[in-house]
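Just below sit the structures, each encoded as structure tokens.
Here chain A shows up in two complexes: once beside chain B, once beside chain C.
Our next item is the complex of A and B:
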């Protein structure tokens, strides 16, 4: 089953779980600020085949409490009228849906809200099905440099509120380095996600922490920027986050050479400049709900469109929005773009080494740049990244940029491979409930530090 | 009782750390955490081998945050408080509590891994039309792409110029 990119509509195949496998299963929960990606492996000893199967059945839900504009039938009544992950599949109207997220700038702050979302996920998702008595082990992820307070709070959530017996928290940016298709001695993981983008060098399974670099731009900022531009030029869509997010994902693309494309448009005579054809059909609550988030208009169908239909024509926003990842200074952010981010991370790794060793390390790292995260799904992202990085990389080094087969599930997959490798080597991975009861959350903090 | 085996100083739980003189502090129940301490320990801690901690510090950069943020505020209240409508700490409060400014500058923390600015200078866009441009008006310091935009700029009142510049953080007014 090809995983749907859109977590609002994603529906995994329901896998029947028998109680024997449930009691020993491990739940993997990639706790992203945008979406939660969750999967379950049947037991402690799992193979690559199990991983493939688990990732194929992975659940993706927005990591938010979603409040629709009107009540959705079939959803239990709650304070604040909110819906969680699986309930969104029965929602047909995403206009003005507001998302309350437990995350702030990529780190979980509202643990009460996160508890609500996770409980709902674990109780209601068939593919995960870690109900009550079967809460054996959970592996979560968190961004780099997760403050100790967050680790404490999460361990409390997991052990005392969700009732798991074993728990470990991994660094989500480091995990793609362990996925089977990317295994190598050294790589740089470029994770462009919802809140930010990190360039994380991983050498021999260990993250080089001092060389990690962060760009504070992610899908959230891009969607907000697109909302502002559309609201200024066309319709006021400041509250339609879900729809604008869908527009961003479906219409925007990365331009191979941004300034040249803009200049090309300006070379046309003024009368023929920026004559936009409608790109996107906005969702319509009164007609048939072809897609509750709207759909991209095929240029061939334009003459046959209903003239009263609400369509959106995007001109340079299509290329301007993803361009921000490569050139954050365009909105006044004084940070380097993702291409330079990777280069800065590599240079920081090799800065203290003698020149020939530094060059060898650079060659290893530049030869294996792994791109993960939702933003890498923009058409033309990898090609543009290569083109932007090539002048910054020494000429004799072979530069190779690889995008994970499913960039959004790469951290989940990687965490499964990491766990498999770690458990095979016999080192202690999980913090057990007994340890937590005796030593408190500090044991979590120290154990997780030793993992990477 | 949660947190046995850790020492309390001023209500804060201190992790394994060495003070500025090199003599190390008490061990917690967890493993030795490499990383320097931002402040000295109270004399009630039992010392660990200073050499051991030094070696640990020099040997690796490992750790979730490079072993840097070891100052953990004692959690007097927990998730339980959610039911009573307790407000959780915002990210800003959490980060302030981490006291990154006391961590030695060479250790990576959330605050110092931010990407520095790009090597190439930032691109200029016309303040009126939004097109990429290379021309700056020497009098007002606004960017313009064509003669019409230039005429508009020269006809703008002063406060409008300040606002345009303020949009891209180039205004002289504080």
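Our next item is the complex of A and C:
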């Protein structure tokens, strides 16, 4: 589908401020609250092949200034002993590492910190490598309903501090609708990420803003809840966020029938209920395991384990933690779970339509539910979502829930396809430095409003 | 007849209500907390789940304060130039009265001045999210786009009643705490709940 480079280069609408002398790579930066996903394409006119290559080489770093307990050799000395991004790879001790994050409930609130993280990313990561090249264009993402204040701040950061020439900000939750795996005209994106979960209906490339629904529960709250439970039942791990997060990602799973499963467990006598089989080997700095975050214990290997090693046995919290996404009322959050969230979004979409049209729209949307975001990586998530949604959806409607091949990179990939389509159509996408200097941050705000 | 019957019924109701009141143990009456306090405690717990695990100030060492000069290059923007320029002028002005004083001031102030400009200008945007969202809601109300706001997008409560899950161990819970309204499954969990969780919140 990609047109030849010559035809595009000849079109006058491509980019007004582009000149051949500038290096014309575009940096894509999916600014997630948990992880930044970043990649670069070589020029304005990129093909699907380029996109695949760029996504394959994408950098994924925590969006945080990390402070280890002890200094890590090889990391440049900074005040506060903070380290960024790929420097964590040389770190062998994640216990009691603290993370300062610029995001607060999903929105960037600490701009100085974000500036540090971004400039380190752009200067030091090999795959992005925007240090030597001329900083040409950057495409960032932000969550739905990003306030004008944040757009103002980010435009200033991008143009004045990082020195980019062109800039655009896209809505991260809408972008997976444009990724290669999504082919239909209408879909609902369920993005269950670090700070919150969104259900976003996208029809013909436009987001139905009034129907977007948000559940204020994400991976961070789940990690914190698990941290609290483990600290209460086993070891005090209140400050071992990184380790608990790894436990959450590796051990937790979504139960197909939570109540039935715990009822079964509950029938056992109390002494047998908490099975003594260890699930997880906690990291040990002295013996130095391969993985500094510890590892999952294979039940077959239990007898061979060192009896003095610190192991962790998890009981129902293995399924309780992901369960919160489906039933937030379990911790007293008065919002619907993810299955109902999708239904609420679809119903809001079709609320003002005559009955037969509403039915058709519903059928389109329910037929294409795209699941992205890190929480969808819990084993059994998609199956459970389907099972929970089925009774809520009219029986004659076919329900299909799909998970993106890599749920965490779907927004990055989608933003590349979106950019490609938008630039092919010849409509203005980027805000150039000249425009910014002329009209100020308001031009960014109105341009971004026109995009999705 | 009717009046007498009504009077008798009223008397019986009064007796009943008095009886019922007397039946509640004073211990329980004392313990009960009004709905707003329960809600607040629950909200605080939920807010605690959103918190970052950052070492409290002064516990490890100073506040997060990266030095910029050594590492990352920012593009040469006007703000930095202007403020650094100013600081130089000031130090010159200071150097007139006495040499010793000027040395001390420049040595003390210059590192902090070097740091400040880059941080200060962008950090003016560090506004608490609540304020930003309130402002945004006001703007939406003026523009008539209240359907497309952060507030409007919040998920509605579930159509189904909340499940009864023990707040301590995660199993099904038949009992409710009289004080805070959260659930617990056994006496053991109830004791734990009273000791560590009831109307309390973590860190």
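Keep this in mind: the second predicted complex is superposed on the first by the 424 of 452 C-alpha atoms of A that agree within 3 Å, B and C clash if a C-alpha of one lies under 4 Å from a C-alpha of the other, contacts with A are read in each partner's own complex, and residues count from 1 in each chain.
In this text, a residue touches a chain if its C-beta (ideal position, glycine included) is under 8 Å from a C-beta of that chain, and two chains touch if they have at least 3 such contacts.
As the structure is a computational prediction, the values presented were derived from the model and not from experiment.
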item: Combined model on chain A: chain C and chain B, fit or clash; value: clash
item: First (chain B), second (chain C), both or neither touched by A:147; value: both
item: Touched partner set for A:214, first chain B, second chain C, both or neither; value: both
item: Touched partner set for A:354, first chain B, second chain C, both or neither; value: neither
item: Touched partner set for A:109, first chain B, second chain C, both or neither; value: both
item: Which superposed partner A:447 touches (first chain B, second chain C, both, neither); value: first
item: Chain B versus chain C as contact partner of A:225, first or second or both or neither; value: second
item: Touched partner set for A:307, first chain B, second chain C, both or neither; value: neither
item: Partner chain(s) touched by A:206 [first = chain B, second = chain C, both, neither]; value: first
item: Chain B versus chain C as contact partner of A:327, first or second or both or neither; value: both
item: Which partner, chain B or chain C, touches more chain A residues; value: C
item: Offending stretch of chain C which, after superposing on A, collides with chain B (from 59-67, 95-103 or 131-139); value: 131-139
item: Chain B and chain C contact sites that coincide on chain A, given as residue numbers; value: 104-105, 107, 109-112, 115, 144-145, 147-150, 152-153, 156-157, 160-161, 209-210, 212-216, 259, 262-263, 266, 327, 329-330, 332, 334-337, 340-341, 344
item: Residue ranges of chain B touching chain A (in the complex, touch as defined); value: 2-6, 13, 15, 28-31, 33, 61-67, 69-73, 75, 78-79, 82, 88-91, 94-95, 97-98, 106-110, 113-119, 122-123, 125, 131-132, 168-169
item: Chain C residues touching chain A - in the complex, by the definition given at the top; value: 42, 45-46, 48-55, 60-68, 70-75, 77, 79, 118-119, 122-123, 125-129, 132-133, 135-136, 139, 147-150, 152-159, 162-163, 165, 167, 169-172, 182, 196, 202-203
item: Contact set on chain A toward chain C in their complex; value: 65, 67, 76-82, 98-101, 104-105, 107, 109-113, 115-116, 119-120, 123, 135, 144-145, 147-150, 152-153, 156-157, 160-163, 195, 198, 209-210, 212-216, 220-221, 224-225, 227-229, 232, 238-239, 241, 259, 262-263, 265-266, 316-317, 320, 327, 329-337, 340-341, 344
item: Chain B partner contacts - residues on chain A that touch it in the complex; value: 104-105, 107, 109-112, 115, 144-153, 156-157, 160-161, 171, 206, 208-210, 212-216, 259, 262-263, 266, 327-330, 332, 334-337, 340-341, 344, 392, 438-443, 445-450, 452
